[in-house]
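Here is the structure we will look at, set down as structure tokens.
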Amino acid sequence: MEKEFLAVRSEVRLPFKQSAGQYLTKFLMELRNNTRIIGNKCPKCGRINLPPNIVCGWCKIRVEDKPENWVELSDKGTVVTFLEITERDTDPLTGKLLGRINPGAQILLDGTEAGRCTPLYHILEETDIKKIYIGMRVQAVWRPREERVGDLNDILYFRTSSDK
Amino acid sequence: MSERVAIVGVGITEHKSKWPGRSQVEIVNEAVQLALEDSQLNMKDIDATIIGNMELFEGIYNVDMWMTEGDGAYLKSGMKINTGGTVGASTFFTAVEHAGSGLFNAVLAVGWEKQDEGSSAYSLRTVHENPFLTVVAPSRAGVGIVFNKWAQDMLARKSVTEEQIAKLRVQASENASKNPKAHLRNILTVEDVMNSPFLVAPTVRYLHICPTSIGAVALIIAPEERAKKITNKPVWVVDHVSSHCGVDSMYITAPAGGGMAGPTFWWPSVDSIRKLYKRNGITNPCKQIDIFEFYDPCAWVLAEGFEIMGLCEKNQAGRLIDSGKTRIDGQIPINPSGGVLCTNAIGDSAMMRPAQVALQLRGDAGDYQVHKKVSRGVAHGLGGDFATACLLQNYL
Amino acid sequence: MTNKIGELEAFVADKPFETWFLNYAGAVCSEFLAELRDNKRILGIRCPQCNRVLVPARPICAMCFRKTEGWKEVSDSGALVTHTTVYHALPCQEIEPPIIYGIILLDGADTGLLHLLGEVNPKNLNIGMRFQAVFKEVRKGDIRDIKYFRPVK
Amino acid sequence: MAKRVAIVAAAQTKYEQSKENLSYEELVWEVVEKVTQDAGLTWADRITNGFGIDSIVSCSEDYWDARVICQFAIQRELGAHGMPETKVCADGANAVYLAAIQILSGRYDVVLVVSHRKESVTMRSIIENCGLDPIYMRPLGLDYAVAAAMQARRYMFKYGINEEQCAKVVVKNRKNGKNNPFAQLHSEIAIEDVLNSQVLAEPIKALDVKPISDGACALILASEEKARKVTAKPVWIKGIGNCYDLHYLGDRDLADCNSLEFAAKQAYSMAGITNPKKDIDVAEIFDEYSYQELLWAEGFGFCDRGKGGDMIDRDATEIGGEIPMNPSGGLLSGVPSGVAGMARVAEGFLQLRNEAGARQVGGARTALTHGVTGSCGQAHCVIILGN
């Protein structure tokens, strides 16, 4: 007789409250209230944290809450990397498909330099991956004020733009 | 190290994708028994047990507690380590440090994963997820997204072609077919690889990516005097280095792999390999190192690894692949075990690298023993923005 | 940008971690659980070194680091080693409070079995009291195939 | 020990019921910034001459942060760029243990140790349920508190300890906690308050359990040579020991604590301690539940088996008593689990530097600190400090 192997199935539903903390909350409030993307700049090396963070990972020092350390970044930029995930994940408990399917891209916002500012990761309006290329110019499309809740989805997506 | 230490026992279980007949305790126990047999030690001779595992994959909080039912830790010292993809290496290093502290005679390190026990894809995506910043479709593709960035970069600077990557994957499959403990052991063709569907377009295909495996690795590590008594084939752990990138927000940049440090995900590998070479006077790795085990979750990463480890000039990875030098019978054999590409039980993957180097340096690798004479090897580990490297020798 | 760091009321997201796990019992534990289901029998297994009978059965004697071998049926009743009564709901337990847990040393076993206690007033619980297993009607090969232990009448 | 290892600085946040306004990053940076400034040290890659932190040991649990490899979220705050970092998934005392091992091994000279936890963000019972074996114990729905209650019951039965004695532990520790600016709870309570508090799992009542708490703790350890360069008051790690017991709750007699005795024996023998009653001046021990301070005291050899209750009855563990225990107020005054063992070491450090303020034990020269991982004290870690 074939030996029978048993298993115990369990479902874990762990409630979890994640705090955005001070620096990220400020970033999210700017998104929601003013459609502005802000970062903070290390007073020592000048690199920009996006989203803003309490520490500069390079210099290992605190980036203080001083007006000169806050920078407003453009909502236009250039595609650095792009991708299309061909298989979406499902919710492990319900089996429902998750997430949006648009191609994603890492976008270096205007006025920042590669290696000096974290690129922003977002999805693109363009769904045909063959039309996307590195160096492509894009611009944020914001949700209307009443739909903005203070998360990165307050930007609907980045639209291909013709300006250089 | 104030005290020199050596690997004196290696235990590797079979690896497969489903293993309903075994509990985690039994799989861990098997690896430990194999390592004890290999070193001809008894559990009584072991005085500390270091455990490595990604607990959210199987869902056991403080899993070292339950594992005492199979790892022999009862009334012994020990702790549990988790550093992500590198957990096996970090666990091994922790055991090495224990053995080198002068407080222990023999230390056991165990790493395992049983990925049929949970949704590791769901768990894994929490690494990058911040509820305020998540816009990308959460996906089983997981870190495949990272490799896309890696691949696009290599293609842009003409280091490799997709065909060369496929050749590399075929080479890994040929190596794994000779390794009885490997998970994927079927030999692939270049067409198989090039025709497999995309996981992440436009570069990463299913056959570029490592499998999700079940299995365990155990190593026994002992300080010098003890090691010499235990075995006549000790493998000395000469040095170990690890490094984080640690400059970017994981949330936003990680999905695409690469932020302020430029290529976030290979910077730590570059940094740790560079430091390892520098600390040990290695200026010409092709000549000074005989064998490499590189942590290759994706074929593109392995190709990049050739450059990172200094085995070829920048942008020459493709030519090195074509030359055949990295094959089992080549001059600079890399991943003769088949690598992570063919066997990936995450908690043991980074411990498998030094384990495989140790087997090669002892001459005990059987069918996949490299043809050249080997006495010095490098084992690498990778996970998230962290990487590890260690130098092993079969002489002092 | 007048919002001052340190004085903001931070945004907080309620985002549960929700997933499933399927933990395999392995060869020895599967046999123990199947025996509960099929024959309402509680099996122990012996350690060849210390000769203890482990209940519930486990593949390895953790004390001796020896593979266990040799099944031995133990009694479905035994003496209470310790107990507790929980007066609030437990998130991982469906039954309503009070929920009573106990460890019972079954006759013939050398280790205690952890389980729920039932049909007993918590006020009357005493260490050493005799308890007997009550099996569920529908059994699935799970430690919960024993509904609870009740006082031996 | 061939080499000597010292603690050169310690930092704790104030422990609070909820730190909802801070992210993990901000919570961790608070202690990392403070401990590096206190030690006058920075990371080894930030300086051109001299030395700095060359290894990081973090201590957290993926379950509590609901994130796989949760320490990846705090790499910048740990100063991990270009650095080795190892996460210990256990009580914080084990992270201190590993840091000491790393220095003893000669591989590293200066190690930063950091632990954080927010207990307020999730549900403790579910996580602890997941810490029990998934085949035989977890399906029964219990958590560590239920297991602890069974241990308390067994301990009381076997050695005649009573609930009043346990309550006295709470009263003493809450009184001590009043003098600890880091402690969460600053109010004194009476024995009746404890005895009349809501019964959670008999015999454990609401006030017998440590409160839900958020916070972080950090230490810097250094080799003797480096320690002497940064501080005139190093606190030496004299002995370390840790040990596992059996997992399944029915396998061991819960009234005993074999693994603690073993861990203590290791630490004592390293530290050259032959008579702990006499040689230890102050003990900071893991009192997640009130009965544990009594039971662990026995395991440490502070009194004979079953005599933990006598110690509290004759006020031996008060500040000024034979062996003052938890002058900081202990876990019962509010410290998150996981951070707790590291916080015990930090408190021991302050005692031996004579910097413990109103909770100072006069003339303390040797301190015992302690952490527990798992249910019913399955794994213990003991660290002996000396000045």
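Things to note:
In this document, chain identifiers A, B, C and D correspond to the written order of the chains, with residue numbering beginning at 1 in each.
The rule is simple: contacts are C-beta pairs under 8 Å (C-beta built on N, C-alpha and C of every residue); 3 or more make two chains touch, one makes a residue touch a chain.
Treat the numbers as computed from the prediction; the structure is a model and nothing was measured.
C-beta contact counts were set side by side for B-C and A-B; A-B has more. Ranked by distance of CA centroids from subunit A, the top chain is C.
Centroids built from CA atoms put subunit C at 37 Å from subunit B. Chain centres here are Cα averages; for subunit A and subunit B they lie 30 Å apart. Between subunit B and subunit D, the centres computed from C-alpha atoms are 33 Å apart.
Remark: subunit A and subunit C have CA centroids separated by 45 Å (rounded to whole angstrom). Counting only residues that touch two or more partner chains, subunit A has 3, 5, 7-8, 10, 12-24, 28, 53, 57-58, 92, 150-151. Within subunit B, the positions touching two or more other chains are listed as 20-21, 23, 59-60, 68-69, 74, 119, 122-123, 126, 131-132, 246-247, 251. Counting partner chains per residue, subunit D has residues 20-23, 63, 66, 75-76, 79-81, 122-123, 126-127, 130, 134-135, 138-139, 246-248 touching two or more of them.
If you draw each protein chain as a dot and join the dots that touch, every dot ends up joined to every other dot. Touching subunit C in their complex are the following residues of subunit B: 19-26, 29, 43, 58-60, 68-70, 72, 74, 114, 116-119, 122-123, 126, 131-132.
Interface of subunit A with subunit B (complex): residues 3, 5, 7, 10, 12, 18, 20, 24, 28, 47, 49-51, 53, 57-58, 80-81, 83-89, 92, 98-101, 104-106, 114-123, 129, 134, 150-153, 155. The touching residues of subunit D, when paired with subunit B in their complex, are 1-3, 61-63, 66-69, 71-73, 75-76, 78-90, 94, 97-98, 101-102, 104-107, 127-128, 130-135, 240-248, 258-259, 262-263, 266, 270, 373-375, 378-379. Contact residues of subunit C toward subunit A in the complex are 1, 3-6, 8-27, 29-30, 33-34, 141-142. Partner subunit A is touched in their complex by these residues of subunit D: 19-26, 29, 33, 42-43, 46, 63, 66, 75-77, 79-81, 118, 120-123, 126-127, 130, 134-135, 138-139.
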